[in-house]
Every structure is written in structure tokens, then in C-alpha cells.
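Inspection log for the structure reproduced underneath, given as C-alpha cells.
We just call them A, B and C in the order they show up, numbering each chain from 1.
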Amino acid sequence: MYFSKKDILDMESLSVEEISLILDTADRMKEISQRPVKKVPTLRGQTIVLFFYEPSTRTRTSFDIAAKRLSADSISISASGSSIVKGETLIDTARNLEAMNADIIVMRHSSSGAPHLLAPLVRSSIINAGDGTHAHPSQALLDMMTVREKKGGLKGLRVAIIGDIAHSRVARSNITGFKKMGADIIAAGPPTMMPKGIESLGTEVTHNIDHAVDGADVIMMLRIQKERQKNYTLSTEREYARFYGLNKKRLENAKKDVLIMHPGPINRGIEISHDLADGSHSVILDQVTNGVAVRMALLYLVVGGGKNGDAD
Amino acid sequence: MYFSKKDILDMESLSVEEISLILDTADRMKEISQRPVKKVPTLRGQTIVLFFYEPSTRTRTSFDIAAKRLSADSISISASGSSIVKGETLIDTARNLEAMNADIIVMRHSSSGAPHLLAPLVRSSIINAGDGTHAHPSQALLDMMTVREKKGGLKGLRVAIIGDIAHSRVARSNITGFKKMGADIIAAGPPTMMPKGIESLGTEVTHNIDHAVDGADVIMMLRIQKERQKNYTLSTEREYARFYGLNKKRLENAKKDVLIMHPGPINRGIEISHDLADGSHSVILDQVTNGVAVRMALLYLVVGGGKNGDAD
Amino acid sequence: MYFSKKDILDMESLSVEEISLILDTADRMKEISQRPVKKVPTLRGQTIVLFFYEPSTRTRTSFDIAAKRLSADSISISASGSSIVKGETLIDTARNLEAMNADIIVMRHSSSGAPHLLAPLVRSSIINAGDGTHAHPSQALLDMMTVREKKGGLKGLRVAIIGDIAHSRVARSNITGFKKMGADIIAAGPPTMMPKGIESLGTEVTHNIDHAVDGADVIMMLRIQKERQKNYTLSTEREYARFYGLNKKRLENAKKDVLIMHPGPINRGIEISHDLADGSHSVILDQVTNGVAVRMALLYLVVGGGKNGDAD
């Protein structure tokens, strides 16, 4: 099967076959990062622009490392110190990058839908690295890769996603992706953090974390985005930890081989206790490792890499 | 002919022969950016420092891509987060980069003349990427490349430059460059935006945009630099668009095959209407594409690339 | 001899043999920067993260150039615009970089001891690029390389270190390093700028700069860190220059072949006069050149480069 998508915008637009191809390719890419010489010439002479309108270390660094391990040229642009300050429209900026023969534009933007707006307007491939509260497909794919790696597959697994579902592009992309691959999702969080109509996505919904944890194969904790909360106080924090934080006591009802995941950065002692973050169930650092592999796969596939056989 | 200049400081110091060599080299460089593998080993092992004291996306990215397509190592330094904050003089900073064996320092600076000050003091080649209101030679060269490409030559063309001529290093470098190559320049703009003594450069001057457009082969619109205008209001904006903005109606008096140019970023609806920016006369995105090619040529030529024959 | 240290944290933890190996390797690395093609494939496929929590041009650029001349992939992360803003702990950030298979993390941090905290927790090599007021080993090594190069050795030399010793990680690392290699140190500065118990390091101490200069083979001027001084005024500055600044008159008592050093950036006219900074005794720019060489050596050695024989 050849990968024929130009862009990676969200999980909705990827088929089961495409997701499987991405994950299979990522498995092979992961092996490259474990070699003494972690670099293959696959994308030599390709120009990849990392265009981050919102601050990001983890995702930007992960894409940058992925690009370099494939020998692509990567150029970072941040919103501060850029033409955006001078009032250029997003579309004009993208068309400029296209005119410089950028093969791939990896972009993060605070407005939901920004990458979808650009994708049909430029020849360059657009990879969405997070748009507003909408989608974060490379995060969902690395989460799926991690679970598949540990569990042998995704079908029939019970995946609990816990936290601020309403404002989380990570949650949204994971719900869509995991469901598509046959997993069952239960979403848990305070009523104010649950999006309206979430049931229509086919997920079970609860406000009780213990119910969500009960029988889960995978527990995905979301980050409390302190910087986005109004009236955030220390007592809010303590209260959140008490009602929605994951800790050892709560974990007792989960399956014995449950996986604990977190997209990072972690607020230790708030949404997850110290011991669990570093404990034997945690696959949080596997997620980070797989993030580089998934992004290598995406960069490789969108420029037609799959057409010529092996990635290496 | 060999290119013997160490530095690219302004258009005044380039001869007709040197300009022609740069444009010829850029034509060949452009072809590299259209290959599936957009990279040649020409500048492998050369150290290029991109030293931008003023924010810039377009120019910095263009030079960065140019350096990478030639396999040079490029290092970006911005004024914030640098030793400049600690009070180091510009000359000491440049001497430090020279001591690190930087082959080329591409610099943008808010003070007119800053690159001219440094050039004789360091062995590294200095390429001026914009100094104050003085010069922006790589922009003028990419503009000349674009016109030459579309019109087959520059001699005898009527080039209208419209806008804030007084504060525009783009205008200044283009006037000098195009005149040197035998084009006729007519400069148009509000009286407050025309530099004193501009007639001495041998350009026709008018405050009437319709007169400038009349019979023009090339119309170069300048950017209204909102961020530099005091008392800038929306009514200023509307008024500017009315008296000095380019629109369909105004274009009727230009030649049928007139080229519309803009150095970007565009203020749509102010100095240029939406339809013209994206219309068939516009070569604005060609300028961006040619920018990479011209910068590849400059990087190549200043380190003596022309001596060894072909660029590739 | 093979270099077996995973990390470079401070001068205390390096043996005489290890320091000699680093300086010998740096001598060979320096030659690479003088070639027409300044690049060897030695660290191809190695991932080097430059993680600077404090602003830095000189040191970050030097490490970046060093990494690129060895063909490593280098990724820069600064504290602003990174997950640190989102409240991630330093240890979690480092573990994330490790999970992305970073081979080396070069870090600068405002807290003394930060790199020592991380080193035992991650497989990645940690190179301290300056931690608080504690250590700056690559600076001390480049200073030692420079003196060794000019004087043929370090043993028995009289090295005067002058300025704000108390707040200088450069001074601390140099005192330890030079003493280890058999040089004699005399530290001079205002009483408020001398750390308590400095005599215990085995250095002579004086508040009289003329006494320090008398008979010195090497004079190392420290930078007045204006940005760290409270109540810093121009009169403070003039007074400092008068009592502790190095100038031609003061130099008369030094040896005829004395070396003048400064870690940069220089405050001309304060700690050092213009003519001396640029004079025949000054090796300030040699220090910068050797900085790249020493950093190439460190990057090479910490990943086990010494095991396979030649660096090239």
C-alpha cells in the first residue's frame, strides 16, 4: 500500500489502513534511533519548515530531531521575531514558504483549523503539530504506537482518558484514533471540563475517575493547563488532585498490566502522583521515544517516501 | 570572469559585470531548488552566521535555506538573548565570529552603515541583509533577477517605485541597481515620504501615482511600515490606499504586460489591492523563489566559488 | 589513554591526565577549523542538544559550530518558549531529551549544581556550559589550551586572576584547573568581590591589582557583570576602572611576555583599556578560536571518540 495523503491534519481524515501504515513505518523508523549512527539519507535535500506560532519544546524538538535523523534540512520559525508581527496573513506566510520550495510545513497554531485552511492552498505538505483545541494527530499516533507496542494491538482495549477533555486537542485526536482502531474509550473529568456532545463521538462519559479506571487497559492522564485556567489557585490544585488525580490507591481497580500515559509536560502531584509517573506501569518516556519515530514516519510518508519501498 | 568581492554591502559597490555574474549564477542556482534532491555539496564545511539584530522571517529564512541547499553549516544569532544584551560592541561581536572561523556573516542591523563598518575589520565575508534605511542589496538583486527573467533584460525598462521611498532600503538599492543596468526609474509617494535630493540619483520624481503607473513596465509597491509610523490611524490607512494604493482601476494606464512587485510582507488592501496581489501581473511569489536563488549565488560567490568553474 | 568520563561537569572531577588528553585532542581539532572544508564526519548521526536556560551567544555559538564541524546534529533549546514555562521540572526535561536519544546535552543553568543533579540520572552525556556561580569547565579548558599554546606548558606559571572572583564561575574553574596543572594563582579584586575561604583553594589573595600584576606570566581579567550589580552607576564604573582596571601603566610590572586574557564579552575601558584589549599581549581572540577546538574535543571525547584512535 502506498501513502497518498499530502497532509496530516487530524485523525478523522486518516483511514484504518493509513494509520496502520504510519505505525508500521514508525516501528521501522524507531530502529534507526537506536543505531550508533542515528541518521539515514532518506530525506536528503528536502526542506522542512517548523512553524510554531505557540511555544513548544517537546513537539518542536521531536520534529526537528526526526527531520535531522532523515537528513532533511529543517528551518525553525517562531511567531515572535517573524513577519507575523508585521501583520502578514497566515496564508501569505504559507505561500511564501511554498515559494521557497518548502516540501513540508510542520505547524502549530492557536486557532483551531489553521492547518486545514492552508493545506489546499499550498503544494507543500502541511503537518498539524497542534491547532487550538482541535487536533494533535502526531501525538495521537505516538500514543497508539506506544499502546500497540506494549499490548500487541489496539482492538478491544479499554482506554480511559482523564482530565480537561474539553480543551484538549490530545484527547480529541486520541478518541478519534483509538476508536477507529477498535478500542473503547471512557472519558472522565469534572463537568466543566467535558465538551458538550462528547457522547456523540461514541465514548462513554463519567465524572468519576474511579469508574473510569475500573478495568482500564490504558489510562491516559491529561495535563492541567494552569496557564489557561482563570482563577487557578493552589486550593483548586489540591482539590483537582484529590478528585481527578491518579495515584496508587486509585490504580488498584485497574487491570494489573494497565499502562499509564501522559502527553507531558507532567504536573507532578496534580494530575499524577510522583510514584506512578516513574513507576512500572508508566510508559510516559516510551511515548517520547516513539514521538520521534512517528514523526520520522510522517515526514517520510507525506513526501511520497512509501512509494520507493524501504525507508532506509 | 571571477568574482573578487569579499563583501556584498550595497548596490553602489557592485559593477555592471558583477551584477550580471550574480544574476547568471542565480539562474543556475534556481535550478537546484527545483530538483527532487535540492542540495549540492558546494559549500560543505563553510560556516555561515546569520546575525539578525532586527526581527526578520523572510530574509533570514531565505538565507538559511540558501545556505543549507549549498550544504553549508548555518548558525542563527538574534540580538535578544545574545551578548549584545551584555553590552558588547558590534565590532567585538564580529571579531569573535571571525575568530570562530566564520566564513560569511550575513547581517541585518537597524543602523545604516553597520556592515560597512565591519567589512574592512574582519576576514569573514559580510553580506548586508538590510541596514537601517540604507541598503538591502540581496532584495534588489532578487528583484532584478525576477524582472530579467520575465522581460529578458533590464535595459530601457520603465520601473515605477511607489510608496515610502524615504525610509526604504529596498527602494534605495533598487534605484541604484536598476539604473546601473540601464532601466529608467520613476519614484512616487507622498511628499513626506520622498527623500531630499532623490533627483540627484537620476530618477524621475512624482507625487502622483497615476503618473508613475502610466507606461510602466514594472510597478514596485513598497510596504507601508505601520510599526514605524507615528500617529498611524485607520483613517491614515484608508487615505493612503486611496491616494497611493495600487488597484485595478489605476493599473489601466500601465503597459498590458506590466509586472507588479512587492518585497513583502504585504499589507493587503493598503498599498496593494487583494486582486492585484494575487493577479496575473503579480510576480510577488517569483520574487520569493528567486530570493533563495540570489542568496545561494551570493554565498557561493563571496567565498570564491566562481573560481572553480561550475556551481554544482 | 582512553577518556572514560561520561560527563564534563567541573574541573575538580577531571584528572591531570584527562585534562592533558582534552588539550591534546583540542590541538588536533583546531587544525580542522583551519582547513578549506572545515568539517569531518566524526560525530555523524549523533544528536546534541544545546540547552541554555540563560542567554548566551558566545558559548552557545561556539558549541553549535563545534558540533557542526564534527557533523553532529545540533538542536538548540532556550528557556523562553519551552516547556519550562509550563512548569516542567528540570529532571523531567532532561529525561525527555534522553528518551529522544540525545547523545549529549550541553547545558547552561542559573542554578549552581544543576548539571551535577542531572548527570547521574540520564544516559546522555552532560556538558556543563556554565552553572550559576559554580563552574564553566569548557572556558577553563580553552584558557588552559591558549596559555599552553603560547607558553609551551602551564607548570610554574604565575597566573593573576583579577575582578569579581566571588561571582565568577570562570574564575573558579580556572583556579582549580590551572592549579591542578601546576600553575600558581594570585587572585585580586575588591574585598566585596572575593569569596570567603578562597585561600583554602591554595591561591594567593590580594586587593591590590599592582601586586597581582607584578611578575605575572598571565593576567586574566574578569568581566564586570553590570547586569548583576545593584546600585551600579557610572561613578562605580569609573572607580572600578581606576582601582581594578588593567591599563598600560599597570602592565609595566608584569613580565615582558605576559599574556592578557578575558573570557568576553569585554567592557572596554572598564576592566580593560582599549589599547590592551587589542594590543600585542592580548590573546583574547585566540581564546575564542580555541573555544571551538576545546568544545569539539569535549563532544568527541564524552561519546567515546577516543576509543577508536584518531579524531579525523
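Following the convention adopted for this analysis, a residue touches a chain if its C-beta (ideal position, glycine included) is under 8 Å from a C-beta of that chain, and two chains touch if they have at least 3 such contacts.
Quick caveat: nothing in here was measured; it's all calculated off a predicted structure.
Trainee: Go through the assembly and pull out the chains touching subunit A as well as subunit B.
Mentor: C
Trainee: Since subunit B and subunit C are copies that touch, just let me know if over half of their interface numbering is common to both, same, or not, different.
Mentor: On the two sides of the subunit C and subunit B interface, the residue numbers are mostly different, under half being shared.
Trainee: Distance-wise, how many Å sit between the C-alpha centres of subunit B and subunit C, to the nearest whole number?
Mentor: From the centre of subunit B to the centre of subunit C is 40 Å.
Trainee: Can you list every residue of subunit A that touches 2 or more other chains, as numbers and ranges?
Mentor: 80, in rising order.
Trainee: Spell out the part of subunit C that touches subunit A in their complex, as residue ranges.
Mentor: 44-47, 49, 73, 75, 77, 80-89, 92-93, 95-102
Trainee: Any idea which subunit C residues touch subunit B in the complex?
Mentor: 33-39, 55-58, 61-62, 64-65, 68-69, 78, 80, 223, 226-227, 264-268, 285-286, 288-289, 291-292
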